[in-house]
Amino acid sequence: MIFSYYPGCTLKNKAAELDRTARLAAERLGFTLEELPEWQCCGGVFSSARDEIASKLAAVRALAAARDAGHDLVTLCSACHNVLKQANDAMAHDADFAMKANNYMQLETPYHGETRVLHYLEVLRDVVGWDRVAAAVTHPLAGQKVAAYYGCLLLRPGAVMAMDNPENPVIMEDFLRALGADPVIYPYRNECCGGYITLEDPDLAAKKSRQVADSAAGFGAQQMVTACPLCLYNIHKNAADGPEICYFTELLAQALGVGGKGARDDQ
Amino acid sequence: MQRIGVFVCWCGSNIAATVDVEAVAEALSHEPGVVFSANYQYMCSEAGQNLIKDAIRDHQLTGVVICSCSPRMHEQTFRKTAAAAGLNPYMVEIANIREQCSWIHKDKAAGTEKAIILGRAAVAKVHLNAPLVAGESPVTKRALVIGGGIAGIQTALDIADAGFEVDIVEKEPTIGGKMTQLDKTFPTLDCAACILTPKMVDCAQDERIHIYAYSEVEKVEGFVGNFTVTIKKKARFVDETKCTGCGLCTEKCPQKKVPNLFNLGLDTRRAIYIPFAQAVPKVATIDADYCNMLKNGKCGVCAKVCTAGAIDYKQTDQHIEEKYGAIVVATGYNPIKLDSFEEYAYAQSPDVVTSLEFERLTNAAGPTGGTLLRPSDGKHPHTIVFVQCVGSRDTSGCGKPYCSKICCMYTAKHAMLTRDKYPDTEVYVFYIDVRTPGKNFDEFYRRAVEEYGVHYIKGMVGKVAPQADGTLMVQASDLISNEQLHISADMVVLAAAIEPDKSARPLATMLTASMDTNDFFTEAHPKLRPVESPTAGIFLSGACQGPKDIPETVAQAGAAASKVIGLLSKNKLTGNPCVARSDEMLCNGCSSCEKVCPYGAISYEDKEFRMPNRTVAIRRVAKVNPAVCQGCGACTVACPSGAMDLLGFSNRQIMAEVDAICK
Amino acid sequence: MQVNEGFKPTIVAFCCNWCSYAGADLAGTNRLQYPADVKIIRVPCSCRVNPLFILRAFQRGADGVILCGCHPGDCHYTTGNYYARRRMTLLFSMLDYLGIERERTRVEWVSAAEGVKFAATMNDFVSTVTALGENKRLEDLRCKAN
Amino acid sequence: MQSQLIERAKALLADGTVDRVLGWKAGEFAYDMTPALFSSAQELDEGFAYDAFCGANLSKYLVKESRKGGRVLAFLKPCDTYSMNQLLKEHRILRENVYLIGVPCQGKTDVETLRALGITSITAARQEGEDLVVETLYGQRRIPLAEAMAERCKACKGKKHMIYDERIGEEGELENPDRFGQVAALEAMSSEERFAFWRGELSRCIRCNACRNVCPACTCEQCVFDNPASGVDNKAAATSFEENMFHIIRAFHVAGRCTDCGECSRVCPQRIPLHLLNRKFIKDINTFYGEYQAGEEAEGRTPLTAYTEGDVEPSVVYTKGGND
Amino acid sequence: MTNSQELKETLARISGVDVRKCMRCGKCSGTCPAYDEMEYHPHEFVYMVEKGEIEKLMASPSLYKCLSCFACVERCPRGVEPAKVVEAVRLLVIRQQGCNHMTPDQIPALLDEDLPQQAIVSAMRKYSK
């Protein structure tokens, strides 16, 4: 099973651990992530402005490249996932945008949203299956109370991400169960950590991150997992005294026995 | 060639002042076929009518043109006059020279000229008129009511009271519907059961009412006055004729872990059950999904304890065919599923409940015996937040675009009753608008605020966050004070939008009754025929037609019943003779007419036609059921070959009028 | 708009029995004046009006044809005027495409309560058609001869 | 291709699947390909032809053929399948009595088009790659297919068959040609110019009824214009009104049902561009009520037997563009 | 045409939002995680755009408080998408010459060593042309 893979800028840098552990786990679980040869940064956010074309083209190029490679496109970072899915949706359903984007890019074959974009978690759920993930676990996380932190970019807008119920998601909890952990359900798991506002208004980001971490801790979480480097940064920076936070792939790799939480830059 | 008489009315000076009636009569007397022409002061008077009758007899008239007021005024009068003189009433045409001539013109010459042209058009039309006889069909004097909630019950009782047989088909094991689940009713706060159950008993005891409980309509054929309906009586594995309703089986059944749907799953019941104490019919039903005997043949406890020998594990579905003259749809409503509204944490916390669940939690026959307790820990809630419009007025695709109409009032009721019984409980209601049109409704809502101190806050709840300590953090906006509120609540009650019952859509297809995009049945006319479906003989009662409360439902149920009674009291149905007719020699069988017919009056049959050289061709041709056709004429234009025409307003008649006017 | 002095157009108005014909009656009851050039033909519903009738009217010398029906959503037969609306939209567009003056045809929704609207509509339509003058593009010359 | 079709038809005749075959056959001249029935292998060998002149749409013939008992094989080009579906939707063809083979088509030519290119005395034509090779008494002529194609084929809806029991050749793609350029050009004219244009065209009508007779949507048992009882019968285009009347009503009767197959214009001996009337309705329907292609499926409502509550009002006609 | 009308039209074009769909329920503001930091709240953004008071919004620091978390978009019962309105107003400002809210040369001072690249690129997209 081969997927085109879009790592994104952060995974090549501060979130290298997300990339490394995901690849190790994929190998163990029997699927291959083929990094797109010439990807560019997705821009971090998908502008909601209808007249923004150029800033969305990096994502469209990646999508078209995956189409040409003939594979579904897998991504890990919540932001990349959000941008790719939104760009794909716009190419498929916004004729005006698709026309302008195609005109800009001058591809050999115009792109109209043919690629299927999957988050790594969706691959685990829909392609591998939780039962097979569970069967591959060699170091179960038995007894660990782990809180999944979705944040906002992974699930919203719900109709476009089409990944899970945006207000009551289960995908990461199911993931944690497959690893043998005890998922902690807490109400702020799909609330915002403050995101990029951390640059300009660190206090606001701190407030939001704290609320999330405190809520998880209140429900007994010892550990938090996320798919988003920025969520991880904000929680880690603002609630260092709370439950430890890591990437979901780190727990996955650990449970599969292919490399545990390790050399993360920010630790 | 017709022999036509023309009668020009003066209408006192109403016509005669602006139209030279003499000149009109004179001019029209020269039209082809006109053998008699007269003018008179008041044609509608007895003397005027006698003038017409005499002329019909004396001049052997075959057609009559009356130049007078609007046909909407006196067409019926003059048709009766003609009939009294032995002329087919549909040989009469009216030229409207008052409302559409004398009253709107001042110039007498112009008025006279126009009156002559209008008269000429009527003469031209009468030339092509043919005697029409309204079709007759017999009426089966029995009504079917589909749905046994308060709407169906009231309709059935009223029809039976007028002396007609009526059957109720109810898909649940008992009649009663949603109202049985309610505690009190607004705005009077009487107990729902106290006012409903006597009516349920009346249904059971009235010998003209037959209840098919645990049954569904499977097939409908026929038309107004003559429906044939197949009813599926689902196997309940209990012989209704033997069961005494003692309830012993429901206590002894070992399968205890069945969600009690009557209490919306808030507690459990046994696999054999009677939904509630006052059920009608009071007969036990086995839930085949949970019964060990039916699933794997291991148990049989209920059969052992039943002294009446009513348990029958071998019972199968029965199909009953019955004939009806009229059908009333009373399929009711349900609250919508809240999967798309998880920001309110309905699935994430047992203390977030729907309003209907709240009814059960406050009902003396409910899971808590009427004491309001939190489902999670059985403790008294001290702060309750009610959220209005959950899924109502929602155009995002998650909910329903319409206002569910009843939520404002029942929420006021819940808030008021809570404050009344538990004054230490703080009650917040978040609303977008409070909509209380209805007798004593606004007063009721204001009492909740002014007497009972319910906190009404204009704004919406954005998120309900279940906290580790068991409370619910309600984050909401207060639009008046322009702040975001954070209320720590013990319970949250969601006023879920209501939607038509899922059984309504397939039923509408069976009945050829039309529905709107929300699956509510459409009425024949939104203002003037609100309880009739556009399909003749199908009537609408209750929330299947649109969201409504109990008083409105009962009023509509009575109105539907009176329409049914009116229909059933006729021995024969006389249709409007001006109906569509298909010329089978011209018909292509293409179905265009059928597609635009709002009444389902057109069907098709394969018919043999003799062709040259003794060959036979089989062609699909349209047939119009004159009892069902209402005569709109949509089909006549949809038909490309001109096979479909409308009696009384035929293509040639209308074109003759056009020709006469344009000449 | 230019006024065509002396020209008296022939106008055929098809009115549905339940709304517009009643609206015309109400205009009469209220003595609201409109030109005698308008002659009304009663039909059960606007959906009864076949494009043939409209062409026929022009053939026989009508200078304008107007169709009045219940407001969309208020049809006595529930859906008739919806079909009429589509048919007339397409027909009028076709007539326009053939170079027949688009102002000679019109559809108006007039309820039984809109006597004022009925009279106003007719006044407006008559003055529009009067300004256009005689229908020459879609007529049968043989009919004009007599 | 022709021999492939003959072989398949023979096989289906032989195994009893069908008992006759509806196809094409050369008439007096090689370019005179007409629909024909074949009931034996021999007849097929002798007469069946499939080449660049086989433009005729066979689906209408099935209205009668499908009612004659037995089963008939018909060959349908992609554009013919739309008519087929539309006729099935209208219950005009008994589906169980027909066996449909989809055949590929690269566009058809006709003698008028070739004559306009100065090619006469044609004896045969065949397709070679992107070219049409025409044999004439004066030798061989080779012209690009795109040039030789009949007008209607230049606005081809695509090479995909909407319905078939089996298909010979590869499945083609749907195309989205600009079909409305001419209609739009007419719309952009002034009312007077349009009137003059259509008078120029329609006044040539000789009421031969060829357009009606070939039209797969015109299958009425009796046409209103032939029926004295209809009150609108007229059998000759005696006046300008009747020329207009016939073509307006014919276009209206097929509105929402016309698949834009172009047969009407193909057969018109006066070369009146009748398809521009039908396309006007199609363009309006697409604009007012959403894209619709008659014959795309064999069930459902046509635009004139459907409505939405929010449909445009007829007054849209007064407000739209045009020079006047 | 007044300036306010022009702004309204530009805003509608950028955002694709029809503010008239709003029924004033306030759920967006009930949802917003940055509510307390804002001078004008999400429902006010929608309402003020409808009223044509866009210049007031353009001058407000609230523009830079929206976290773009899309919770209001997800939960709006009328499909109004308030976050897109906020974004469009912000673009009206930063597309003006010299109105970038943040420039690359400001970045280094804000960095700490753990900050992911994602935050920087996102912020640049949000705050500058």
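General remarks:
Chains: A, B, C, D and E, in written order; residue numbering restarts at 1 for each.
Assume a residue touches a chain if its C-beta (ideal position, glycine included) is under 8 Å from a C-beta of that chain, and two chains touch if they have at least 3 such contacts.
From a predicted model like this one, the values you see are computed outputs, not experimental measurements.
Listed here as common contacts of subunit B and subunit D: C. Common neighbours of subunit A and subunit C, listed by label, are B.
Ranking all chains by how far their C-alpha centres lie from the centre of subunit E, first place goes to D. Chain centres defined as mean CA positions place B nearest to the mean of all protein CA atoms.
Each of B-E and A-E has its own count of C-beta contacts, and the greater count is at A-E. The most distant chain from subunit B is A, comparing centres defined as mean Cα coordinates.
Put simply, the C-alpha centre of subunit A and that of subunit B have 51 angstrom between them.
Centroids built from CA atoms put subunit D at 54 Å from subunit A. Inter-chain spacing, taken between the CA centroids of subunit B and subunit C, is 35 Å. In subunit E, the residues that reach two or more other chains under the touch definition are 71, 74.
Shown for subunit A are the residues in touch with two or more other chains, namely 166-167, 191. With touch defined as above, residues shared between interfaces to two or more other chains in subunit B number as follows: 343, 397, 463, 596, 638, 651, 655. Contact between chains, per the stated criterion, is found for A-B, A-E, B-C, B-D, B-E, C-D.
Partner subunit B is touched in their complex by these residues of subunit E: 21, 23-32, 35-36, 41, 43-44, 71, 74-79. Of all residues in subunit D, only 183, 186-187, 191-199, 224, 232, 238-242, 244-245, 248-249, 251-252, 255, 277, 280-281, 284-285, 288-289, 303-309, 311-318, 322 touch subunit C in the complex they form. On the subunit C side of its complex with subunit B, the touching residues are 10, 12, 17, 21-22, 24-29, 31-34, 36, 39-45, 47-53, 56-57, 60-62, 73-74, 76-80, 83, 87, 119, 143, 146. Of all the residues in subunit B, the ones that touch subunit E in their complex are 343, 389, 393-399, 432, 458-463, 475-479, 482, 484. For subunit B in complex with subunit C, the residues that touch the partner chain are 70-72, 96, 98-101, 103-107, 110-111, 113-114, 117-118, 121, 514, 522, 524-526, 534, 578, 596, 598, 630-634, 636-638, 646, 649, 651, 654-655, 657-659, 661-663.
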